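Accompanying notes for the structure given below.
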Amino acid sequence: MKTSAGRFFEDYRIGEVMAHAVPRTVSGGERALYHALYPARGAIHSSDEFARACGLPAAPVDDLIAFHLVFGKTVPDISLNAVANLGYAEGRWLAPVWPGNTLRAESTVIGLKENSNGKSGVVWVRTRGLNQHGVAVLEYVRWVMVRKNRATPAPDPVVPALKPAVPAAELVVPGGLDFSRYDFALAGEPHRWADYQVGEKIDHVDGVTVEEAEHMLATRLWQNTAKVHFDATFREDGRRLIYGGHVISLARALSFNGLANAQMMVALNGGAHANPCFAGDTVRAWSEVLDKAATPAPGVGALRLRLVAVKQGAEPFALRDEGGRYRPEVLLDLDYWALVPV
Amino acid sequence: MKTSAGRFFEDYRIGEVMAHAVPRTVSGGERALYHALYPARGAIHSSDEFARACGLPAAPVDDLIAFHLVFGKTVPDISLNAVANLGYAEGRWLAPVWPGNTLRAESTVIGLKENSNGKSGVVWVRTRGLNQHGVAVLEYVRWVMVRKNRATPAPDPVVPALKPAVPAAELVVPGGLDFSRYDFALAGEPHRWADYQVGEKIDHVDGVTVEEAEHMLATRLWQNTAKVHFDATFREDGRRLIYGGHVISLARALSFNGLANAQMMVALNGGAHANPCFAGDTVRAWSEVLDKAATPAPGVGALRLRLVAVKQGAEPFALRDEGGRYRPEVLLDLDYWALVPV
Amino acid sequence: MKTSAGRFFEDYRIGEVMAHAVPRTVSGGERALYHALYPARGAIHSSDEFARACGLPAAPVDDLIAFHLVFGKTVPDISLNAVANLGYAEGRWLAPVWPGNTLRAESTVIGLKENSNGKSGVVWVRTRGLNQHGVAVLEYVRWVMVRKNRATPAPDPVVPALKPAVPAAELVVPGGLDFSRYDFALAGEPHRWADYQVGEKIDHVDGVTVEEAEHMLATRLWQNTAKVHFDATFREDGRRLIYGGHVISLARALSFNGLANAQMMVALNGGAHANPCFAGDTVRAWSEVLDKAATPAPGVGALRLRLVAVKQGAEPFALRDEGGRYRPEVLLDLDYWALVPV
């Protein structure tokens, strides 16, 4: 048998390290496609000149390009037989990715817990993305529910203790970043770190109706091979499930309108793909300021933000129903730290 | 309120200069996407070698990439509340744009005229695109009808005097351009400047049926944020209006078949988006030679061309009905100067 | 008449050489788009670092990018009036193509045979793709059935003698290629040349449902201008025929799952587009090992593979019906040589 059926729950061992296949070199091509696929307008990722004025050697590629590429590499080893993508934690961007960099990924199994039905279990992995110098550019914990394929004894449950959010002191500011001469006019909005209040909510106004071709182009670009995104014969209802990361990028790009200066993502505290997204849905986004912190870099502050993606029919800022469940129009509930000029 | 609702008619002042947000660095990625989105085959923009044989250091990106990027930047400041895009004039390409260049844009308000209904008015702006050296690469005048939001006194009307066409003497030929060793075989057609007659009309034969995903990829690539292109819930009929510039690029690319040697656009004399274009329309194009002129560059002549885009059902070369209105199948009527080997 | 109606059967002469129009410079943009359009994961084409570890200076662009670009250039001169694309033979990749290379194409007419109905004939051409140094990067023979436009005497029939497959001794291994330190884990699968047996068949499992926007983006990217791929009003049934090369690339990319180490295509022995493919079809692929051969390069073996693309409803490994015709679900039957670590 030359093809792989993917791993099942019983195939994982605590402490095991998986070197994921197919390294990938990025170029201006991936950047251009990112701008074609998402309404991304963040100035640091759009302009070499703006990035240089902020102390960087050139514009890095969007932080989510690094995330999607690393995530995509893990799919064949982690989520091919996943029933559900349950959560993220302790995600940090550790170094920018530049055109010409080559990324690879590796994951360590840090948690295993079989479900009481004996048919599936939860696998926790800590994934790192590395560039061609072996420098980590990204790390995050992700946990998924994976099917069992054979009747094996349940392993001793190991549930990792995960931080509810990355502490501000652990955020990694890209080397050289300096917002002390930040050009708010070129960046698109006048709002600085001091203008945002904890608890403030922002409706990002704009909406995008999603097409099949778009989400498939995106998901393939990240070499994510999960069948359910591409094969209309896979689900009984003939619909292709949109990669959750596509919704993350859409929502993050839409959040420009109100958060134009939330320039760089530096931590992923958590995230839930609350409901599936399908072609034809019109995606909108709103944000809530969860926390604020200083950083040691000149002129650079940090905002902890909740980013919520919703689809048509959503009411303003509505997240959960009375029973505490996500409302059916909520697609994504993401918790991240971003760097903002003070 | 962190988000912008855009400017209304009463927010503009004569002489005001707007520095538009989000500079953008272009690369081979934007060029490749242009070739994927439009059937563009012009040799100077396709091949570094062909461009070098014509005296340029390498292939610049398509002239319309510069136009779309500059136009896109103006949208949040000028046309977010526009009722209609009324016209273009005095457009000139002033310098080629190369991969690695960073473009920004600024506009000066040169005309204001409130409509008699007191609910809207016309705003004229002169927009310039600048590269990272501050060199202007493009300039054009555009006027739009913009809604009023508050009951303010009408400003004194100022209607700029605009040239009906850019005089041939004011065309800017890219530095170094030399068509004296032009390779007609490699370029795709034998027709030279001398072969085109004023009044001649050319049916460009080919048609392209447009998909939603395509026009949205294109419009996002230019960071054009107008809701009506992306959000199927925005219009009552549930249709997404295709960015007029997408039709310009489609028609210009289709015109290769008959105008393969009309290599570079150097002036935009005028243009009307005669009727809206929607996904499912099959776009065709025809051209009319309006004028001819010499240029000081070796082997380089100029043709003034009318480029008309039509959709299914159009009759050959039909433009206006008996009442002088554009026929319903006409999408675009564009008037431009192009450089052609003599 | 400025536009070209294309050539008809009576317009070809044995020995005639056609220099095809519009050279094209490739960049990281074309590579990124290739990854967005196809589920391509071959490590040598994905990663500069992996390619370097295999003795190459950097990652070349996918071998099929070279094929499609060269093929696209021939369309206006060869297949604009083609009734059918009948076959390929004696195809060889002769040198890798790198970002920054400029490709052009030329074809020599090597065979002509009028059909007995006097209304069409078969034209054989040998096409070569050349880079900016004049070095051939690709060559192949292709034959098409072309309509006659005028009542001319039938030419003396010339039917070239074509090899049923490129002999292994004539395969060109890219200079420097060395698989002796090949990293199977990074490449994605452990299977080496020695693990494949002649006669072995591999079901590549995954499927992709094709959208109109995708195949048009791809076909335009290769500057292929055949109307039938773009214009929904061209065929009576209102459907756009998908460029056969799009199916080749889809199937080749899908074959990663089971043939991840079949890294480089070096010969195209033959191929048939068995049935048309349309948007909405879900494409799958299977392969059969037809032959094995050694090469002089260190650690590098060659596999001759049949690559079959099928659509929904296909039975496993079914190719022809009892009458010897391709079954209706078979889209492509391709015969090629690939380089594999021994």
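Per-chain numbering from 1; labels A, B and C assigned in written order.
Heads up, the rule we're going with is that a residue touches a chain if its C-beta (ideal position, glycine included) is under 8 Å from a C-beta of that chain, and two chains touch if they have at least 3 such contacts.
Not measured: the values here are computed from a predicted model.
Asks: Between chain A and chain B, how many degrees of rotation does a Cα superposition need? Round to steps of 5.
Replies: The best-fit rotation has an angle of 120 degrees.
Asks: Have a look at where chain A meets chain C and say same if over half of the interface residue numbers show up on both copies, different if under half do.
Replies: Homomeric contact, different residues on each side for the most part.
Asks: Could you give the separation in Å between the centres of chain A and chain C, each centre being the mean of its C-alpha atoms?
Replies: 36
Asks: Which residue numbers or ranges of chain B touch two or more of the other chains?
Replies: 27-30, 32-33, 99, 211-213, 217
Asks: Going by the contact rule at the top, pick out the chain C residues touching chain B in the complex.
Replies: 2-4, 19, 21-30, 32-33, 76, 99-100, 102, 104, 132, 211-213, 216-218, 220-221, 223, 225, 227, 230-234, 240
Asks: Under the stated contact criterion, what part of chain B meets chain C in this complex?
Replies: 27-33, 35-39, 41-43, 46-50, 59, 99, 185-189, 191, 195-196, 200, 202-209, 211-214, 217, 257-260, 280, 282, 312
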